[in-house]
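For reference, chains read A, B, C and D in written order, and residue numbers begin at 1 within each chain.
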Amino acid sequence: MSTAAHADHGHDHAHAHHEPGFVEKYLWSTDHKMIAMQYLFTGMAMALVGGFTVYAFRMQLAFPGMSVPGYGRVTATDYNALVTTHGSVMIFWVAMPVLIAALGNYLIPLMIGCDDMVFPRLNRLSYQLFLISAIILVASFYVPGGAFGGAWTSYPPLSAKAEYSLTGLGSSMWLFAVALEFAAFLLGGINFVTTVMNSRAPGMKMFDVPIVVWMIIIASILFMASVGPLIAGAIMLMFDQQLGTGFFDPAKGGDPVLWQHLFWFFGHPEVYVVLLPAMGIVAEIITVFSRKKLFAYKTVLYTAIGTGVLSFFVWAHHQFIAGIDPRMANVFSVTTLLISIPVAEMVFVYIGTLYGGSIRLTTPMLWALAFIAEFLLGGVTGIFLGASGADIYFHDTYFVVAHFHYTFFPIAFIGSFAAITYWFPKMFGKMMNETWGKVHFWGTIIPFNFIFIPLFLLGIRGDHRRIYDYRHFPDLMKAGMQDLRILATISLLVLLAFQVVFLVNFFVSLFRGPKAPMNPWNANTLEWQAPSPPPHGNFPQGLPNVYRGPYEYSHPDRKDDYWPQTEPASEPAKT
Amino acid sequence: MIDQYVESASTYAGDIDNVILLILAIVGFWFLLAQAVFFGLIFKFKARPNVKAQYVSGEKPHEKRWVALPHYATLVFDVLIIVMAIKVWHEVKINLPEANSTVRVIAQQWAWTFVHPGPDNKLDTADDITTVDELHVELNKTYHFELTSRDVLHSFSVPVFRLKQDAIPGRIIKGWFKPTQTGQFDIQCTEICGIGHGIMPARIVIETEAAHRLWNQANAPKLADAAPTTPPTSAGGMP
Amino acid sequence: MSDTAHAPAAPGSHAVAHASHPDSFYVKIWGVLLVLLVVSVVGPELGIRVVTLFTAFGIAVVKAYLVIKNFMHLGVEKKYVAYLLLTMLALMVVMVGGVGPDVLRHQGTNWDNVAAKKAVEAGLKAGGGHGEHGADHGAPAPGAASPGEAH
Amino acid sequence: MPTGRLAVWWLIASEIVIFGGVLGAYLMHRLGHPEWANQSMHTSTWKGALNTFILLTSSLSAVLAHNAASRGDGKRAAKLLWATIGGGAAFLVVKSFEWTAEIKAGYTISSNTFWSFYYTAAGIHGLHVIAGMIVMMFVAADAAKGKELQRVENAGLYWHFVDLVWIFLFPLLYIAK
């Protein structure tokens, strides 16, 4: 399978016959590892944008009318733009590039034992489109009217007409940026899928592929299959904005509900697009640090596929009270609760993996375990929202906000921190500082819960979303409610402050950290058989052969508690 | 649980609260159990010197059972939750009981217009009472509402009723409520509708029969000048 | 996933790999497609609704099948490709099935799309006569902004 | 399966849902709006049929190019690819005459939702035609020198897909009146 692929793309990138210059090495590279780094650093930079926006609008909520240090007064217009940007940036420009693009690009060729993606130039193009989309999004803050403020769901007619949104240009820039980003990830997804199908190392059968690679592939396929209608919808909405068509305008014979469906037909699978890679990362880390074989590999795989398939049948639970026919809500309520089964099963499997292990609480392991603990709360609170009767009350309250932050924060941040701390030695050839890693861990996890538990309580008390000043609502200013808002904001400030620890640790370790050995965690998967960091072409000693699955830890026949996938069975166990 | 924080002022508020409570009990139990098992395993199997981890593939039937059993339990409880949730959903959103009166709710950027039927209890007559940002209803009477919007999406949310429904331009959406408690409460717009989304509060005033009659009489337009003050069809796509 | 460029063979008459079809085979398929095109244009001229639907959409499906099978060689392609494409089509059916009750229909349980109903009514009224339609193009379809006579 | 062809299949799969979104939305509106028949009667069936003919014929030359390429005859493959590109160009010429006539008659993208769908669906398809033509120019240039002959099939696959989309657009936009 690999021969055809290698023959096919051999011409695509010259195998570094000359020393590449700075631009060629860092900015115009076709090397999958460099592109992964570009995605990672762009994603981190966009996380700072997303973090700054949340800082500004949470300050406004806790201390309405104050001049926020570093931002100024948050007006109603600003508030909407900040909330919208926060949502879109964190999902499309942080979670997607870091979890799928950066880790997918970095890990897929290394973990399946090939020298690069099958389409390296397509890969570079994909990153460039992504970068342009990020620039357009940030630039939309500086155009007349300001950035789009119609929430990340961008429901028309508000998003379709400048006279309603008052941000004509900002809306179009937001929409164009999102559509461009989708195009970038479509190209990336095609590249991932074909690479894994055609370039696996000799001997690597379907069930020898590490779970994280499987998850990224399933996520890419989910993305490809769900994003089409929204790309079509984005073109239609763009025409509504710029050419005066009426696809979503009831006054012209269109239908605003159509956009909601097109959006959520993508939007719900999108949740699993980012969830599955994070789940995959956790699978890699908990097996390595509990020295255990993954409990029921095939079950994990099938539940992931089942989740993916089911995710196409649940989208309208976002629209229960949005004006869809109430009878359809019954259908979607049933499918939504059914999807809890495969997701719960995946969590049970991970908990089962811990049984009988030898658990080492290193920084990456702490993050992976925290993912499970926190995601559980995010998962179970989803039941309240998927059950149509209960959703009538909770829809569009802070309960929803808290619920999806308990899923998305573990996905986008806990998952990313787990991945970065785990693969840092491979990526940069240096070890990260464990002590500061743990300080950062506790400094993130504790305030995280103190942000969102108050938001659950506020949601139960009826706080609705996207309101810049609750003083207009007497029932929402009852005793204690403002205190909860202030508590959430103060916790956010603490959480943000601790991210400085991470950045300092990251860059100090990058430049000054102790040199990392080839396989610091005694892991089985192929990337740990390449030098740290891997050179261009990944495996200078020749592309590896694979003899077994990725999770053969603590095998009873072996003295070592790990058994690399590349080690031939006949050789005596290393001592 | 909810009524400790937010008054319960409609006939179905208690039913919605009960569904929430039921879900809380079910998922709360499983959540705590899962967390207990999870943390228990972490502490029990912390790395100790010279103790090798066990080799468990999880593929054998007796091992798989540990995942399969909770999986069936999830299914059973899912079905229970679905049944309860859909029952309440039908009560609130699908079955409309006979109404004593009908009000019209029109959302726009960024205000609510409420059309009350007036003393004759019929809409689209000369004595209709149109108010802005204030809805007057009578205790223990079943109301239908006809909801629409003039421009963008809005959402008509009355937390004390546990009622929420989006307003869509070009569509009329019907629903119902029956107030069970007098008082003044918030009406919120819960769908982002532009820069004024945060300044779109309204109040609902639930009155006794006598007080409501007085309000009707005081505010009903005099028939002489009825025509100019009561636009029977304001530009809301309404009948 | 094997290295061979094509699946070994499909059963029956397609036992030969597709690349070995002579050019004349493709010209024949093209001829069939052209005949079908003519039928699909002439059929609706008869003005019978069933014939129109069958000739327009039935024949489109047949044409698509011929192109996919013979020009794109899906018949001798790996099976999973066909499944992949069918899955995508099935997803679109799911989407239309889920969206239809809200968008295709103009009223349902406790809701009424008065804007769309008005547009239909006004459009049918305006389109009663044939011919001089250059005139009504500019008029925006009436909708929610102008109140309707809904019930 | 060769990587290039595999990638084209995945590309086609993801394009199916993009066109599926537009056409699904159109279909739902069309079935709910019988009055659109009064608009669609102003589309030109014979121009649509002519374009169908052009695309079917260009698909034939694309598959013949693939046949030539699989025999190793790069020169003939390149010639046939250029014929396919010519077909695409002819398609666009017909399309531009058609649209000019319609816009002159007052049917623009914003006249009515039928026309919005008409121009949007055909416009997205037209962009795919242009993209296919550009790709084929590069492939033809290589094939003429006998290089990268496997790409002839991949470009052809994509072109057949563009043809397929038109096969469905034609009855949806032109015939159903």
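As a working rule, contacts are C-beta pairs under 8 Å (C-beta built on N, C-alpha and C of every residue); 3 or more make two chains touch, one makes a residue touch a chain.
Because the structure is predicted, anything quoted here is derived from the model rather than measured.
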Check your understanding: Pick the pair with more C-beta contacts: A-D or A-B?
Key -> A-B
Review point. In whole angstrom, how far does the Cα centroid of chain A sit from the Cα centroid of chain C?
Key: 36
Check your understanding: In whole angstrom, what separates the CA-based centres of chain A and chain B?
Key -> 31
Review point. What whole-number Å value describes the gap between the mean CA coordinates of chain B and chain C?
Key: 40
Practice item. Provide the list of chain A residues touching at least two other chains, using ranges where the numbers run on. Key: 4, 197-198, 225-226, 229, 246, 250-253, 255, 257-258, 262, 323, 326-327
Practice item. Return the residues of chain D touching two or more other chains; collapse runs of consecutive numbers into ranges. Key: 1-2, 10, 13-14, 16-17, 20-21, 24-25, 28-29, 33, 112-113
Review point. Of all residues in chain C, which are in touch with two or more distinct other chains?
Key: 1, 5, 87-88, 91-92, 95, 99, 103, 105, 109-111, 113, 115-116, 119, 141, 143-145
Study note, to complete from the structure: Chain pairs satisfying touch are A-B, A-C, A-D, B-C, C-D
Review point. In their shared complex, at which residues does chain D touch chain A?
Key: 1-4, 6-7, 10-11, 13-22, 24-25, 28-29, 33, 109-110, 112-113, 116-117, 120, 124, 150
**Study point:** Of all residues in chain C, those that touch chain B in their complex
**Key:** 109-116, 143-151
Study note, to complete from the structure: Listed in rising order, chain A residues that touch chain C in their complex are 1, 3-4, 197-198, 225-226, 229, 246, 249-253, 255, 257-258, 261-262, 265, 312-313, 315-316, 323-328, 332
Check your understanding: For chain A, which residues are in contact with chain B within the complex?
Key -> 76-77, 79-80, 149-151, 155-158, 164-166, 250-251, 255-257, 290-299, 321-323, 326-327, 329-330, 333-334, 337-338, 340-341, 344-345, 347-349, 351-361, 369, 372-373, 376-377, 380-381, 383-384, 387-390, 392-397, 460-462, 464-469, 472-476, 553-556, 561
Check your understanding: For chain B, which residues count as touching chain A in their complex?
Key -> 1-2, 5-6, 15-16, 19-20, 23-24, 26-28, 30-31, 34-35, 37-39, 41-42, 45-48, 51-59, 63-64, 66-67, 70-71, 74-75, 78, 81-82, 84-89, 92-94, 109, 151-153, 155, 157, 159-160, 162-171, 173, 185-186, 188-199, 201
